[in-house]
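Read through the structures below before going on.
Next, two complexes with chain A in common: one pairs it with chain B, the other with chain C.
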Partner chain A sequence: MNARHGVPGWMRWLMAGLLGCMMAFAVQAQGNLEIDTPAISALKSSMQKRHGQLAPLYASGAIGLAADGSIALRDASAVPLAQRGSVNALVAAENADRSALYREVARANQHPEWEADVRSTFAQRWIDRAPAGWWVQRGGSWVKK
Partner chain B sequence: MAARIAARCCWLVLLALAWVLPVQGIERIRLSIGDIRAPGLSVQGVELQFAAGSKGPELRIAHLALGERAWRGLHLSCPEADAAFPEIRCRRGEIRVGAKRLPLRIDFRFDPLTSAFDAALRLSSGSTVDIRHDGGNLVEVVLTRFEIGELSGDLAGFAAQVSPALAAELAQYAAKGTVDARLAWRQAGDAGPHEKLQLQARLSGGSFSSPDGLQAAEGLALSLDLTARALAAGWDWQGRLAWEGGEAYLHPLYLRSGPVLQAEGRLNDDELVLRMATLKLEGVDQFALTARIAREPPSLQDLTLSLAGGDLAILGPHWITPALVPALADRLRFAGHVGAGAEIRDGQLLSLDLVFDGAGVSLAGVDEGGEVRGRGLAFGPLSGHLPWSATAPTRASLQVQGGYWEALSLGAFDVDALLDGGQIAFGQIRIPLLDGALVLDGLALEHGAEGWRGQGGVVVEPLSMALLTEALGWPSMSGILSASMPGMRVSTGEISLDGALVVSVFDGYLQATGLRVSEPFGVASNLRADIEARHLDLAQLTDTFSFGSISGYVDADVKGLELAGWRPVAFDLRLASSPGSYRRRISQRAVQNIGALGGGGAIAALQRGVLSVFDTFGYRELGFHCVLVNGICEMNGIAGRGRPDGGFPIVRGGGIPALDVIGYNRRVDWQELVDRLQRVIENNAAPELH
Partner chain C sequence: MPFFRIRSLLLAGSLALAASACVTINIYFPAAAAEKAADRIIDEVWQTHENQPPQAAPAEQGAGQ
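Then we have the complex of A and B:
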């Protein structure tokens, strides 16, 4: 006997409805990572501006994209000694903006408690989008893309 | 110690035999000796061999241990031996460890009668190690241009045999540099009852780097003077270490030469004790410390330090900002002086005392692009005592003589707080502001894994709008601002305030609720609120902003107001004439201005003639609605009065003469609107009519 015939029509509708609701909820729960607010724009613009200073550091391997959505000073020896302090400050400033970005995206989605999920999703995205030659953290160790 | 010397002498006598015997015409000799043991020395399987006609005597040692270091398969051969009573000389001797020949030559001279000897080791790099024993109590070792790098280069294999851990460490840190040193070791004897060491050493061109570059130094020049005396409890020592050149990065600190450490203490098998040390450091008048460091494994057990006359302008950028808040390095500035005391017991921070004297701290503002801009926030000069203890609550007290927040000056105030572990409970803080005050009530903060969290209440004691607007450089307004927000909550990146901020202004009032400040010190600094304004006198308002003249009253509701960098970036503004009976007139200038703000085409062509004839007009009601999203103001006029032609009335005329102002442009660029308003206000001139 075909199982399909064994399910009353109303139940199929109910199940479809429930499934629809669940999917809708899932979409809702994923949130909108592309959401834009003035605060998010300000953060992105600040990060974009800093990127000019960070790009050669990514390329040289001095800094890399960490698995927790931050950036890390992974090989300071690629930077002249006297500049390591200011590079560390640059990394800290970038990480402050990144943390604020994750908080703000969660807030803009009306779910501040999503911050950790937003962070890990962004972390994966930064790593996936990193150009070849950059260092990224995978499974706890650094690898060159 | 005497046993050690005896053992060494015995060993050297055996060596001597190697040269003495051939002189007496013996064809071949082979001498095996059992173990030689003394504290710190163990020699096993010693075998001396000489054959007539061979290159010279040879000495083999199966196992030699000095302290914790051990060699296996040691082999000394001496191709140019010379024995002239009472001395034995060896030139160009070679040492092998296992199958590997060490890259050095040894020359030595030995007097078996007095046990005096001189030995010179010449390494392939040109470095020399001279060892001299006077036959009595004195041993001197002189290193000349000894290259540390050799231990990670030619001598790496040797170093690995001596101590794999040390070799690995040296190889990992790529330590380099040249050492010149003189060590004098005097046994107890006639010259004194105690064994003594004296060391002068100088490192030049030193460098090292951890693999990740986070611990590194370049161009290091260090000089060390050390004297030590052996007592039953260990070595009593005193010394001076001066950092004379070079730079270092010890994450997260970048340091330059200059510091000089003067210290005395004791060293025994278990620990290194610094009984008293002083450190000369830029920006500090006096820095003293004591410490106890366990040797196995090396770890800081106890530390007490006291610092006096610390110049915050120097300590701030070099030590405080990099260590605590590197992200704010460009914006944070310090001034004044600090004294500090700290105590660590068994590796845990036990207490910390800070005393501020005329200290100041400022955090420069930042615009949305991340550029440092504006005066920001500053406190100081401030003085007081901030003690902290891991074992008991402490009370901190600071007297702050003033400060500023952007354009607003802050008056003098006191901060009293109870510190208990990671918690701070503040007493009432009343910060004078203009003719009122900002009062923080019952503020309590706690530091956890996610940063600072806490709660408290905020009250703004009434302050005059006339003074506030003057300070901010705004058009002058009369009125009073006050606030009562009992439910302030602080979390990482957000401060929310339950309660209301009320401004009585223009004969009405304006009330802000649901205030939330996000990322208060970052580029995304953001303020959200809902505002309700009632019965604002338009005559005063338009006069204040030189907008022409309108008599009457308005109510306004601003939902979801969001300010970024103090500029509105989102809101839903609804403005309408207040209910009630009152005189409602609007001047020709105000009509023109509203028309101009509407973006042109706002006044029906038929009415333009009327406009030029009369100075004022009667009106029935005013209404305006703007939803600001993404920089665009979606406009509408008086609620429910939309026109078939798509226009929306902003001013509905009434009385004689009457005139309508109709808006047609529903989407207006907000920045353009603000610029136009700015021009209208600044130029105080009639805008061009379309």
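Then we have the complex of A and C:
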């Protein structure tokens, strides 16, 4: 029959095409995450501006990097009483931005369900990359790096 | 023609398998890519322009403790 050779050949091309697309997709999925969106850029610049105010608080040990990817006031006595309110507001604003960042990274990659994974990846990287002298949370307790 | 039918069934089966593999790959969380993305964002937020973690020995600190 004439059709005997025609149909499987066509199918083979289709399969080769699908396999190629699949591999390209896999490479893209493993290579990079999308982080260049307007929402992520806005969060980054907001956090970058705030960092100028947070840096001395990290260094004094007043705040530390928590295990869940947020920051926390760990030693209120390191902050003068008059400034505690504003430090609390800074911490709350930073944590709101961080939560939004984790959500946006997951969403930018079409996987909102990755949010918790994104959060724990960031938590680990913030802690690993913190300079010496900063306080980080490890295994439930605060340690000075 | 039963022979031809079996062949196209086999092809359809492998197509379905390939398609499901495609979905499976994309469902896994790409941990290495996420770490790279996190490092890029942390660099920008903390204004640290190196890609290595700060444990990398600072060479200029010869007179230090």
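The definition used in the following text is that the second predicted complex is superposed on the first by the 111 of 145 C-alpha atoms of A that agree within 3 Å, B and C clash if a C-alpha of one lies under 4 Å from a C-alpha of the other, contacts with A are read in each partner's own complex, and residues count from 1 in each chain.
Please note the rule applied: contacts are C-beta pairs under 8 Å (C-beta built on N, C-alpha and C of every residue); 3 or more make two chains touch, one makes a residue touch a chain.
All of these numbers come straight from a predicted model, not from anything done at the bench.
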Chain B versus chain C as contact partner of A:Arg125, first or second or both or neither = second
Would you check which partner chain A:Gly85 touches, where first means chain B only, second means chain C only, and both and neither mean what they say?
-> first
For A:Leu73, is the partner it touches chain B (first), chain C (second), both, or none of the two (neither)?
-> first
For A:Ile35, decide between first (touching chain B), second (touching chain C), both and neither.
-> second
For A:Asp117, is the partner it touches chain B (first), chain C (second), both, or none of the two (neither)?
-> second
State whether A:Lys144 touches chain B only (first), chain C only (second), both chains, or neither.
-> neither
Shared chain A contacts, counted only where both chain B and chain C touch the same residue | 40, 101
Listed in rising order, the residues of chain C that touch chain A in the complex are 1, 4, 7-8, 11, 14-15, 18-19, 21-22, 25-26, 28-42, 44-48, 53-54
Okay, in this complex, where on chain B does chain A touch?
-> 209, 211-214, 216-218, 247-249, 251-254, 321-322, 325-330, 368-370, 492-494, 518-519, 522-524, 526, 562, 564-565, 569-570, 630
For the chain A and chain C complex, residues of the former touching the latter | 1, 4, 7-8, 11-12, 14-15, 18-19, 21-22, 25-26, 29-33, 35, 40, 44, 47-48, 51, 101, 105, 111, 114, 117-118, 121-122, 124-126, 128-132
Residue ranges of chain A touching chain B (in the complex, touch as defined) = 36-43, 45-46, 49-50, 73-79, 81-82, 84-86, 88-89, 91-93, 95-97, 99-101, 103-104, 107, 112
